[in-house]
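The next part holds the structures, each set out as structure tokens.
Two complexes follow with chain A in common, the first pairing it with chain B and the second with chain C.
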Partner chain A sequence: MSQPLKIVISGPVGAGKTTLIQSLSEIPVVNTDELATENIGKATTTVALDFGMLTLDGIPIHLFGTPGQDRFDFMWEILCEGALGLLVLVAGDRPQDFPHARRILEFITSRIAVPFLVGVTRQDLSRVWEPEDVAEYFDLNADSVIGLNATSTTSSLLATVRLLELVQAYDPLYAEGLQGKYTFGA
Partner chain B sequence: MSVGKQEALQQSLVALRTAIPEVRGVLIASTDGLPMAQNLSGSEDPNRVAAMAATALGLGKRIADTLNAGTLAETSVSGSNGQIFLYAAGGKGVLVVVAPANANVGLIHLEARDAARGIAAIL
Partner chain C sequence: MAVFGNLTEFPLLEVFGMLEQRTGVLRFARAGRYQALELHLNKGSLQGLLVNGLVMRDGETAKNILIELSGLRDGQFEFQRIPETSSELLNDLAIHVNGVMLRRATLDDEWNQYKHSLPDVETRFTLASEELIWLDGDLQAFWSRAEPLLEYGINAQVLSERLSLDLRLVQIYLFKLRSIGVVRPARRIQEVADIRSGQFPARGRASVLVPPPAPSKPTLVSRLLGALRLLRKPA
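So, the complex of A and B:
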């Protein structure tokens, strides 16, 4: 069996990290939701991690979701250790969260060299930022940003496949790994 | 949080430190990682300690759940220079007790479990 690929999902509170993992996972998701005592627009929040698994083309993919608040930034570092790809989500209807998403992206990529994709969620809403505009805001190539709806399995899968393409392009060794010829960090 | 609650939490921490003088610090965090009351002696950042306490307790809950250990009561971290005990204070709070490595663990548990019950009642 091929070694599992570790993908980390990060981003600000309410971006849809837990939802995306729930949409993708083939196993019951391990989550650490606790009641939120701050007004964050939802009842619960992740305090440690979410963990889910899926299989793509026979390759097991392990999904690790981080908490969104800065006070949990130690978990961003812990969870990103050994990650092969990073998906940073940001809610497309909350431009006020973009600077925070940008900071999270910089925090992680400055500590670990990892290919990343920015996912602009809530694309099912009518008034929402387009991925192209977010790419411009983040000063990124258009192909580093994708629009998605985290509640949809298909949409979440498309984002995952896109991230894996970036992982492949990032380092040919990864590409071989994706074909099961190379094992990671065993 | 009301002033009365805040004071009651603070008093329970003072009582706990008085009961176990060797303890280096105590803190109460919400289960989502915000400090609610603290009595730390060192230079530790209460915000960071509170967030880590919530993370450890949240993860402990899931481990207990996955391995059929039931409702989590406490979890701990032991190092060469100290030990940290994290108690669930009902469903809303975490009680953190920082002790030196050679501390009397039995006494800490006895006092802190009692304190955690009191804190749960306040919350």
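So, the complex of A and C:
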């Protein structure tokens, strides 16, 4: 079997990380949800990671979701080392979460060389920020930000395609360079 | 009888208030990252400063040490009165202590105002603009010292240590400089690409990534993309 690659999905609490992994994964998602001990707007939250898997052309793609709360920030870097790509999600109807999402993106990408994409979720809602407006806020090129609905497999696949296109644009041989560096489950 | 105590019980603001009309040396032991500090005070004015036994003559650095000191919650202090005419009293500086304390209060206000928008202390920043931009007062003083360090990317934590500045002050300055387009968060992936093309450090807005030439046979990513596009078709 070919060596696995990994994609990391990060973002604030409630951005849709677990949902997106569930939409993409061909195995039941392993998660570490616990009851929230503070008011974060939902009953449970990811405390270590979510894990799912997608097989493409015989190559296992491991999908790791990071915890959304700052106190687990040590996990962000650990998970992103040797990753094929980083997808930072933010809920488009929750502009109050944008500074946190930007902080996560900048913390990781200023320290680790990983191709990245920002996904603006909940595009199925009527009152939601457009990806190009979020790109302005993040000070990113428009092609680094995509709108999606994490509950939809098609939409989640489209975001994955865009992420891989960015990886390809960065370095066509980027994935080859990662082979052997990431060996989890191999 | 000496005036002594710990910053745990006496905030620096109160200590200075108490000593405003007095002349003498206020000594601190193990305050923050300083083993020993000596503040030579004359009726509300800081006339001299010794940092770990070395005389500090730079006024801006002395002010920043006062700001840093006022944010500490631990550190032994003791005040020794000496006559105004004593040769023991240093006379290198003339800093109005209350003015610096007010600056500290402004910092606290700004911190509360911006704290939810501030980047992580470990996020690296770099230069974003080649244009000369007019800056005011403290921000200009910070910029002139920080600019050479920002060229290769540096985070607020390290910048604070290198410049002997309060960490929160550095975060606020970086936030302001970022808001006006003078600095931007560094992107490691961009830096790697710039190193690859021999253009690092590249000053200015993040440039478009230029990929190396595509190989003639299908790459791993192109295979993954092909498989993903096939997956999308049935959907």
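One rule holds for everything that comes next: the second predicted complex is superposed on the first by the 169 of 186 C-alpha atoms of A that agree within 3 Å, B and C clash if a C-alpha of one lies under 4 Å from a C-alpha of the other, contacts with A are read in each partner's own complex, and residues count from 1 in each chain.
Criterion: a contact is a pair of C-beta atoms (placed from the backbone, for glycine too) under 8 Å apart; a residue touches a chain by one contact, two chains touch by 3 or more.
Please read all numbers here as calculations on a predicted model, not as lab measurements.
A.B. asks: Taking chain A as the common reference, can chain B and chain C both be placed on it without clashing, or not? Answer clash or fit.
C.D. replies: By the criteria stated at the top, chain C and chain B fit after superposition, with no clash.
A.B. asks: Now for A:V30: first (chain B), second (chain C), both, or neither, which partner does it touch?
C.D. replies: A:V30: touches chain B, not chain C.
A.B. asks: Per the contact definition in the header, classify A:A113: touching chain B only (first), chain C only (second), both, or neither.
C.D. replies: second
A.B. asks: Regarding the shared-chain residue A:I61, is it in contact with chain B (first), chain C (second), both, or neither?
C.D. replies: second
A.B. asks: Tell me which of chain B and chain C touches more residues of chain A.
C.D. replies: The partner that reaches more residues of chain A in the superposed model: C.
A.B. asks: Mind working out whether A:M53 is in touch with chain B, chain C, both or neither, as first, second, both or neither?
C.D. replies: neither
A.B. asks: How wide is the angle at chain A between chain B and chain C, using CA centres, rounded to the nearest 10°?
C.D. replies: Rounded to the nearest ten degrees, it is 70.
A.B. asks: With both complexes overlaid on chain A, does A:L164 touch chain B (first), chain C (second), both or neither?
C.D. replies: So A:L164 only meets chain C here.
A.B. asks: Using only C-alpha atoms, work out how near chain B sits to chain C after the chain A superposition, in angstrom.
C.D. replies: Closest C-alpha pair between chain B and chain C: 13 Å.
A.B. asks: Enumerate the contact residues on chain B facing chain A in the complex.
C.D. replies: The contact residues of chain B facing chain A are 30-34, 47-48, 50-52, 54-59, 61-62, 66, 91-92.
A.B. asks: Show which residues of chain A lie in contact with chain B when the two form their complex.
C.D. replies: Against chain B, chain A makes touches at 30-32, 34-38, 45, 47-49, 67, 69, 71-72, 74-75.
A.B. asks: Which residues, counting only chain A, touch chain C once they are in their complex?
C.D. replies: 5, 56-57, 59, 61, 73, 84, 99-100, 102-103, 106-107, 109-116, 139, 141, 153-154, 157-158, 160-161, 164-165, 167-176, 179
A.B. asks: Mind pulling up the chain C residues that touch chain A in the complex?
C.D. replies: The touching residues are 116-120, 122-125, 153, 155, 184-189, 191-193, 208-209, 211-212, 214-215, 219-229, 231-232, 235.
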